[in-house]
Each structure stands twice: as structure tokens, then as C-alpha cells.
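The structures come next, written out as C-alpha cells.
What follows is a pair of complexes built around chain A, which joins chain B in one and chain C in the other.
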Partner chain A sequence: MNDMDQLVDIENSTQSKKIFLDQDIYEQEQERIFGRCWLFLAHESLIPKAGDFMTTTMGEDPVIVVRQKDGSTKAFINSCTHRGNKVCSAESGNARSFVCNYHGWVFGSDGSLIDVPLNERCYHGTIDKSTHGLPGIRVESYRGFLFGCFDQDAPPLDEFLGDFGWYLDTWMVGAGGGVELIGPAMKSILNCNWKVPAENFVGDAYHVGWTHAAALEVLGGELAGLAGNQADMPYDDLGLQFTTRFGHGFGVIRHAAASIHVKREGYDKFLRDTLPAVAENLGQARADLYDGHWNCTTFPNCSFLYGTNTFKVWHPRGPGQIEVWTYTIVHKDMDEETKKEIVKQAIRSFGTAGTLESDDGDNMTNCTHTNQGRMTRKGRMDATMGIRHEGHHPVYPGIVGSSFIGETSYRGFYRFYKEAMSAESWGDIRAQDNHWDEAWKDNGFWEAKAGKGE
Partner chain B sequence: MAALQSLNLDGKEYNPVSMDLHHQISQHYFLEARMLQNRQYREWLENLVAKDIHYWIPIFENRYSKDKRPEPTPDDPAIYNDNYDELKQRVERLYTGQVWMEDPPSRIRYLITNVEAFQTADNSDEFMVYCNFAIIRHRQLLERTEHVGGREDRLRRTDDGFQLARRKINMDARVTVDKNTYFFA
Partner chain C sequence: MSDNTDDKRFEKCVDDKMLREVEHFMLREARLLDTEQLKEWYEQMVSPEIRYVVTCTQLRNRNERRYTLPDKVYIYDDNYQQLGVRVTQFYDPQHWRVDPPEQYCRMVTNIEAFETDNKDKIFVRSNCLVTRARRAYEVDQFFYTREDLLIRSEQGNLTLLNRTIDYPERSVQGRNMLILL
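Up next, the complex of A and B:
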């Protein structure tokens, strides 16, 4: 087992560089994080009809997700129970059954083994079909987002999302109509550790002004002021950062939802028109965040930008590689033209040829692979920005940081990372439910800020 | 033989261009490749691209042969789906001096082959041109990526030479093996 106290220092908010490129740590992550947490599979809108399927991976495990006749969704491991071959090679489609190419075993859309060629003649009837179905995976939906989990002891999905779900509701159901994902996904390989983009999306508004200076300058809009970090901006008034129980976190730049989109009249109008409903349905606290731009990560590897509306999954492929899948989020109630424009603008900025996406690749790769160096990997990484300028907030649940440019949600991400990596089981994790926020307990940051009349 | 050399598209037959015109068009494609290789993006856009361009790289999925869902259209999500102004914005980003990933600059080589050109109609100045490409990009010290695919172009003859009016780029790789596809295929 890896020494988690050495790898992640919560009090001082530093991490060992080793966490990005070490096979042993990666193996432990696969077991204790990807084997345990709810992982994004698909959105219900991508597999609407009975028999509709998608293939994906949970960690590195190949998975088929299938809409059932009764409208429910099942997921199972995409590996034949005979000799292990994949039973489905298409990315998506509609099927009544999945036939293994190797020996022709046939599995139903519910994963059950239906037919074994020569079962009577050559197996002499010894194969018990009822025990040879494809291994099933727990599937639950949150507002149409389907997640799978390998661990029977994991809490239900909505508990796992917890306060993060409370925030997500702001735009997932705030105005009533819900959101959906538009595919097919763009897919690309990036040679980086899965945590680099996950931490970047959970809380790195800091890099935006510098890494993306070129794009911000050309695109204009509200965020252009961030370009090159030149402008003297009142960062504490422009947004907040959040982290929650199980490492999920996000940052919000106020009133900047669609600011990366060059063409955005339809989207802006939609947000304006639906804002009163959000306030009415969910209250002012969340309505205040509704027209903001959010950078989010659902622990461990599902990230999205609400406002820009790009939706990413970082599928791990070993410690030094990921496969990036990119969808677009749209509100179901939008007119078709607005949806199309949002898809176009989201991909324009964060697709594989995105004006902003194209800036990130080297950072991600180099943060990972410099640690090939033995001395380099003994070093530590710093995530202290805004430390102690955060705490329990009088209105918002979780831990709230005072500025959208800060590393509050990095701290929350790695706090839970350490907890999950150290725990023997979900039982150990749940035993910490009342203590998880000790690092921030009673620090009185927001009370003091309110006292000063800020 | 003529029938084989012509292009059959949506039930209509299109004749190949003359040898002379084919030569001119091929030379134009090599000129374009040279400009892009030399990172003369502004010159490329200004001189070789028509103002009504549609520049498109669709996303496709690997599906079973029996899957009869339609091919992607420009209304579907696409890696590039640009008009002239949108292309211009991409070009201008490269001149800001702040694209850190392109400094030191990458070297990008275009191998253009299998050029076939067809008349859209008798005496028309627009041609349908198909070609294959291998785009090889070297970055940093050891990074080498390769993008192979085909173009389906609509090329227009003007007083100032040929201009690109439509380009559909079919990338053969479903999963992009590169940090980005921010180049002009």
C-alpha cells in the first residue's frame, strides 16, 4: 500500500509529484477509486429506445449500457464469460442481443446468456446459462445522467453526489425542463494522468488567463479581461469556489455563463427567460449562480463546463494516458436552433480542435511525464491558493472559497482522494461523514468576512 | 472506360476535367500545401479560400454495418463546422503570439495524393475535387503525430486563381491521437 500521508498533505495542501506517474498508485486508484465510486456512463437521451446501447469504459473495464424494454437501464461488463472476448464492438446502436465473435455465445440485452452453440452435443449440457450472464453493474440516474458503480456497498448515487447534486440542480432542473447530452462524443488520446484534467476542471480558473490568453484575446467577451492576467480585477467579487463531501467541486464566475460562445443570442435569451423560474423553484441562492459559468468535476473523472456546456469524461488508460470523450450539454426546452448553436460553440472552444482546448495538451502531458525523472518525482506540488480564505458558508453547503480563482476545490478533491485511497471499504469512508470537513472546521472565515461588512 | 472515370453521385454522373485542368488543379493543391506548411495562414485564407466557405470535419461513430442511421450532416456535432469568419478567428489566434503550444512551432507536412477532379456542369467554374492526405506533425523534440484522411472539395475558378468553396474532411481515425487537431487539413 502507498503511504497516503506522504502523498497527500491536507493541512499544507501539497501533493507528491509521484501521484501522476506511478504504476502502484494507479493500481490502487483502480481498485479503491474506480472500483468504488459512481462513474459516468451515458445520458438517458443518448439511448432513448428499448435496445439502444452504448459501449464505454469504467476505469479500464469495458462496459455495455443498454436501455431495457421496461425503460430501465442496465450495464454489464463487455467481456464474454467463456474466454473473455468483447461481445460488442460498435460504439452505439440498437440490438436485441450481443453475439460474441469468437465462439458465438449469445447474450440478451439484459446481459443474460441466451445461447451456447453445441451446448448439448459438446458441453453435454454442463454449462449453466443462468450463472454465465455478463456481470452486471449497478446503474442509477441523476437527472438523466447515468452512472455505474462496481461496489455494492457504495451509497446511492444521489447520496454520493450529495451537496454537489444540490448545486447541479440549479441548471439540471432549476427551470423545470432538464438537460441532455448531444453526441456522438469526440474521442481523443492524451498522454497525461487522469487527475490532471480532473483537478484542472474542478478548480483551475487560475490557468484561464494565461494558458488561454490567445483564445481570450481573439474571442473577446466578458472573460477577455482575464487574458494575460493583466487587468486589475476584484476577483473576490466575481465568483466563488466550492467543494463537497466526496471530492466533487466547482468554481463559478458570476454572470459569465455563455461568455466563451461567440454567437450566443439564443442562449443568453434562454437563460434570461428561465432565470425567474429557477428563483421560484429553488430559491435565490441558486438562482444567483444560474447565469454564471461553472467549471466542475464529479469525482473522480467526469468534468464539465456549464455555460460553455462542454462535457468530458477522462477515461484512464494507465498512469500516463487518458482517452478524452467530449459531449455537449443543452437544455431540453431550448429551440432546435439554439441547441445547434450551443453544440457548435461548445465544440469550437472545447472540441479536439477547440480554440481553448488546443492550449491545454502540453500542460497536461508535461505535468505528468516530467515525473519520469526520479529526482523530479520526489518533489511536491502546491495547491495553496486561497487557503484559509474559505470555509462553511452561511448560505451555501459544502466548503466555499472566496474567489473563483483559488484552489479550494483542489483541496477538496485531494482530501477525498486521500480518504478513498486510504479506506478499506465504503464503511470506513462513511464513518468519516461527520468529520470530513475538519480541515475547515470553525475557521470562521465567512463569519469574519460578514462581520467586516464585506 | 469513360463511365468508370466519371463520378456517380446521387444518381447523377459527373465527368472528369481535362488533363490540362487536372494539372492546374493538382498544382493548386500543392501550392496550398506549401502555404500551410510555411504557416502562411493569413495568405491561405485571403487568397485560396472563398468568402462563402463551409469548412467541415464531421464526427463519425463506429457502428455495425446493419445500423441504418444516416450519415452526419452539418447540423450534427462536428470537429470543424466553420464559415469564413470562424476560420479567420482560428487563423488570427495563431498570430497573437500567445499560443504557447506553437512556440517553438510545430512542423507540419502535407502529403496530398489521389487528386480527382470532376465538372459540376458543362462550362461551370466549379469543380468537385477529391484527394487524400497524410498530415504529419512533429512537435517539440520527439512528438510525431499523423492524420490520414480524404477531402471532398468544391473548388471554384476565379480571375485570381482557384478558391475553396467547400471542404469536407473525412478523418480516418475515430479516436484522435494528438493533443489537438488545430490545423487546417
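Up next, the complex of A and C:
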């Protein structure tokens, strides 16, 4: 077992570079993180009718997600219980059954084995169909976002999201209409470790002005001010950063939701028109975040930018490679033209040919593969920005950092990463529920700030 | 990609003189893009009315009838202004991604040109292979079929009015597709 105390130093907020390219660590992550956590599968809007299905992966396990006749959703492993072939090669569709191409075993849309060719004549009745269904996976929905979990002992999805769910409701419930994902997903292969984009989305507003300088410059508008970190900005007033119990976190730039969009009249108007209802439904604290731009990661590998509205899943493919899946988030109640325009802008910025996406991809690849070097991998990654400028907030739950540019959410991400990697079971993890925030020993930042009357 | 074997668009080939002009257009375009003359390409060869679309298609069973959500995945859906943003980004001094420079090599082949109902518009189909070499070890290849509509401008030269590519690789291996196809 890997020495997690050495690999992740919570107090000093550093991580060993080894965790980004080591095969043994990757295997442990598959077991203890991807085998335990709720992983994003699909949005309900993508499989609206009975029999509608999508194929995806959880970690590296192939999975089929199917809408059932009773409206519920089931998921099972996409591998024949006979000799292991995939039983479905399509990415989506509507099916009454899934037939293995190899020997013709037939599985129902609920995953049960319903037919075995030559069962009577050649198996002589020895196959028990009731024990040869496709292995099922727990599925739960949060505001239409379907997640799957391999671990029967994991808490329910809404508990796993916890305070992060409270924040997500800001726009997943919003004025009441909710959101949906526009697919099909763009897909591309990127040679990086899955944690590099996950940490980038969870809490890296720092890179925006530098990595994306050229893209922001040509985009124009208020974001051009960030390019090259040239502008003198009151960073502490522009936004906040948040982390929560199970590593989910995000940063918010206030009033910047639509700022990446070149044509944004429809989107801006929608946000303005719905803001009063958000305040009424959810209170002023969340209404204050509603028109902000959010960079988020749901631990471990589902990330999104609310505002830019790109929605990503980083599917791991070994320690040094991922497959990136990209959808677009839209509010269901928007008019069709506004939805279309948002999709276009999201694609142009963070799609496979996006003007910002390619900058990130280059950094992420190099942040991973430099660790191949024997001496390099003995080094540490630093995530100390904003340390001690964070803590329990008088209004917002979780741990809150003072600026949207900071590494509070990195610290929360790797705090839970270490906890999950070290724990023997969900029982061990839940036993720490009342102590997790002790990682922020000096967590009275907001109290002290209020005391000074700031 | 069109699966219509008797598609009306392919009915009438242009004459040899016009075909030569089209070939010259396609090869000049490849040369300008290969040699970082994106601004010249944009200003001289692209119609201000352009629609530039690259899609790929979600994998579904051939006999799929009941699942009706769109299967097209848009990778590019650009107009003239947005293409201009990409061109400007390429030249921006802060655009470190192409510094040191990338090297490109475009091959355009199977060029066929057809008349349309409008004498000023020519429909062109071609197959392409682009190689992008970068940072010593990264060599990405993009292969695809282009369906273009060229229009003769008021100045008399051909310009690109429509480019449609249904990209064959469902999961793009080449890291990103921030390259003009």
C-alpha cells in the first residue's frame, strides 16, 4: 500500500509528483476512489424515454445506463457474463435488449439474462439465467444528473454531494426550471493524469490570466483585463472559493457568468429575469452567486464551468491518459435561440477545437509526463496560495477562501483524496464526518475579518 | 459524410478549365495554411458570408429508429467573425502554444468539382490529410473529407462560402483540433 502521509501533505499543502504518473497509485485510485465514489453517468434529458440508453465508463469499467419502463434508471457493466465481450457498441439508442456479438447471449434492458442460444441442447439446462445478469450498479439522480456508484456502503448521492449540492442548487434549481445537458458529447484523448484537469477546474482561477492570455485578448470584453495579469484588481472583492466534506469544490467570479460569451444578450437577460425568483426560492446568499462564473469539480472527475457552461468528464485511461467528454449546460427555460448561442460559445471556448481548451491541454500533458523523470518525480507540487486566508464563513457552508484566485479548493480536493486513499471502507470515512475541517487548523479567518470590521 | 450515391450535387462536373482553377484554389489554401499565412488566407480566400462547420457523428446502430435526439456533435460552427478570432489568436504574442512553432503539412486529394444551380457557386469534394508536428514528439494526424461551396467574388476570384466536414474519428486522438481543416 502506498504511503499516503508522504504522498499528500495536508498541513503544508503539497503533493508528491509521484501521484500523477505512478501505476500502483493509479491502481489504488481505481479501487478506493473510482470504486467508491459517485461518478457522473448521464443527464436524464439524454435518455428521456423507456428503453433509451447511453454507454459510458466508470473509471475504466464500461457501463450501460438505461431508462426503465417505470421511469427509473438502471446501470450495469457492459461486459457479457459469458466470455466478457461488450454487449453494446453504440453510444446511445433505444433498445429492448442487448445482444452479445460473440455467442448471442441476450440481456434485457434491465440487465437480466433472458436468452442463451443452444441452452437446452448444449448447456443441458445447467446455466442459471438468474445469476448471469449483467452486474448492476447503484444509480441515483441529483437534479437530473445521474451518477453511478460501485460501493453499496457509499452514502446516498445527496449526502455525498452534501454542502456542494446546496451550492449547486443555485443554478440546478435556480428559478425553478432547472438545467439540462446538450449532447452528444465531444470526445478527445489527452495524455494527462485525471487529477490535473480535476484540480484545475476545482480551484485554478490563477492560470486563467496567464495560460489563456492570447485567447482572452482576442475575445475582448471585460475578460481581456485578466490577460497577462496586467490589470490591478481588488481580487478579494471579486469572488470566493469553496471546498466541502468529500472534496467537491469551486471558485466564483462575481457577476461574470456570461463573460466568455461574445453574443450574450439572451443569456444576460435570462439571468437578470430569473434572479429575483432565485433569491425568493433559495435566499440572498445563493442569489449573490447566481450570476457569477463558477469553476467546479465534483470529486473525483466531473468538472464544469457554470457561465461558460461547458461540462466535462475526465475518464481515466491509465495514469498518463484521459478521455475528455464535453457537454454543454443550458437552463431548460431558456428560449431555443439562447440555448443554441450558448452551445456555440461553449464549443468555441472549451470544445475540442476551443480557443481556451487547447492551452489547458498542453499544460496538463506536460504537468503529467515531466514526472517520468526519476529525480523530477521525487519533487513536490505546491498548492499553498491563500493558505490561512480561508475558514468557516458566517454565511456559506464548507471552508471558504477569501479570493477566487487561491488554492483553497485544491486543499479540499487533496484532503479528501488522501482520506479516501487511506481509508479501508466508507465506514472509516464517515467516522471522520465531524472532524474533516480540522485540516484547517487556523480556520477563523472570516471571524477575524468580521472582528476587524472589514 | 454523404451516403447518397446518386446525390444531385455530384451530377455535373465542371469543365477542365474550371477544375484547374478549383485545384489551384485548394492547393494555394493548403500552402497558405501550412506556411502560417492565416491572415492572407482569411482575407483573400474566405467569403465574409462563410459558414465553417466540423461535426462528428455519435455511434448508433444502423437500425436505430426510436432514439431521436440529435447525433451530430459540433466541433466547429463558425462564421467569419469567429474564424477571425482564431486567426488573431494565432498571431497574438502571448499565444505560447505555437511557440516554438508547430509544423504543418496538408495533403489535398480526390478533388472533384461540380456545377450548382448558381453559376457563381461551385461544389467541391476533396479528401485531406493534415499532419501537425509539435514539440519534438507530438505528431498529430487529421484525416477527413471536405465538402465545400466556393463562390466567385465581385473581384472575380473564388472564395470559400461553406465548408462542411463530418470528421470520421469519434474520439479525437490529436489532443485538440485547434487547426484549420
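In the analysis below, the second predicted complex is superposed on the first by the 452 of 454 C-alpha atoms of A that agree within 3 Å, B and C clash if a C-alpha of one lies under 4 Å from a C-alpha of the other, contacts with A are read in each partner's own complex, and residues count from 1 in each chain.
Heads up, the rule we're going with is that a contact is a pair of C-beta atoms (placed from the backbone, for glycine too) under 8 Å apart; a residue touches a chain by one contact, two chains touch by 3 or more.
What you see is a predicted model; the values in this text were computed from it and never measured.
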| item | value |
| --- | --- |
| Combined model on chain A: chain C and chain B, fit or clash | clash |
| First, second, both or neither for A:V343, with chain B first and chain C second | both |
| First, second, both or neither for A:K49, with chain B first and chain C second | second |
| First, second, both or neither for A:G361, with chain B first and chain C second | both |
| Touched partner set for A:V106, first chain B, second chain C, both or neither | neither |
| Touching both chain B and chain C, residues of chain A | 89-94, 183-190, 213-215, 217-219, 227-228, 262, 323, 343-344, 347-348, 351-355, 357-359, 361-362, 365 |
| Chain A residues within the chain B interface of the complex | 89-94, 182-190, 211, 213-215, 217-219, 227-228, 262, 323, 328, 340, 343-344, 347-348, 351-355, 357-359, 361-362, 365 |
| Of all residues in chain C, those that touch chain A in their complex | 54, 56, 58-61, 64-67, 69-78, 81-82, 85-86, 88-89, 92-97, 170-179 |
| Residue ranges of chain B in contact with chain A within the complex | 57, 59-64, 67, 75, 77-81, 86, 89-90, 92-94, 96-101, 140, 174-182 |
| Chain A residues touching chain C - in the complex, by the definition given at the top | 46, 48-49, 51-52, 89-94, 183-191, 213-215, 217-219, 227-228, 262, 323, 343-344, 347-348, 351-355, 357-359, 361-362, 365 |
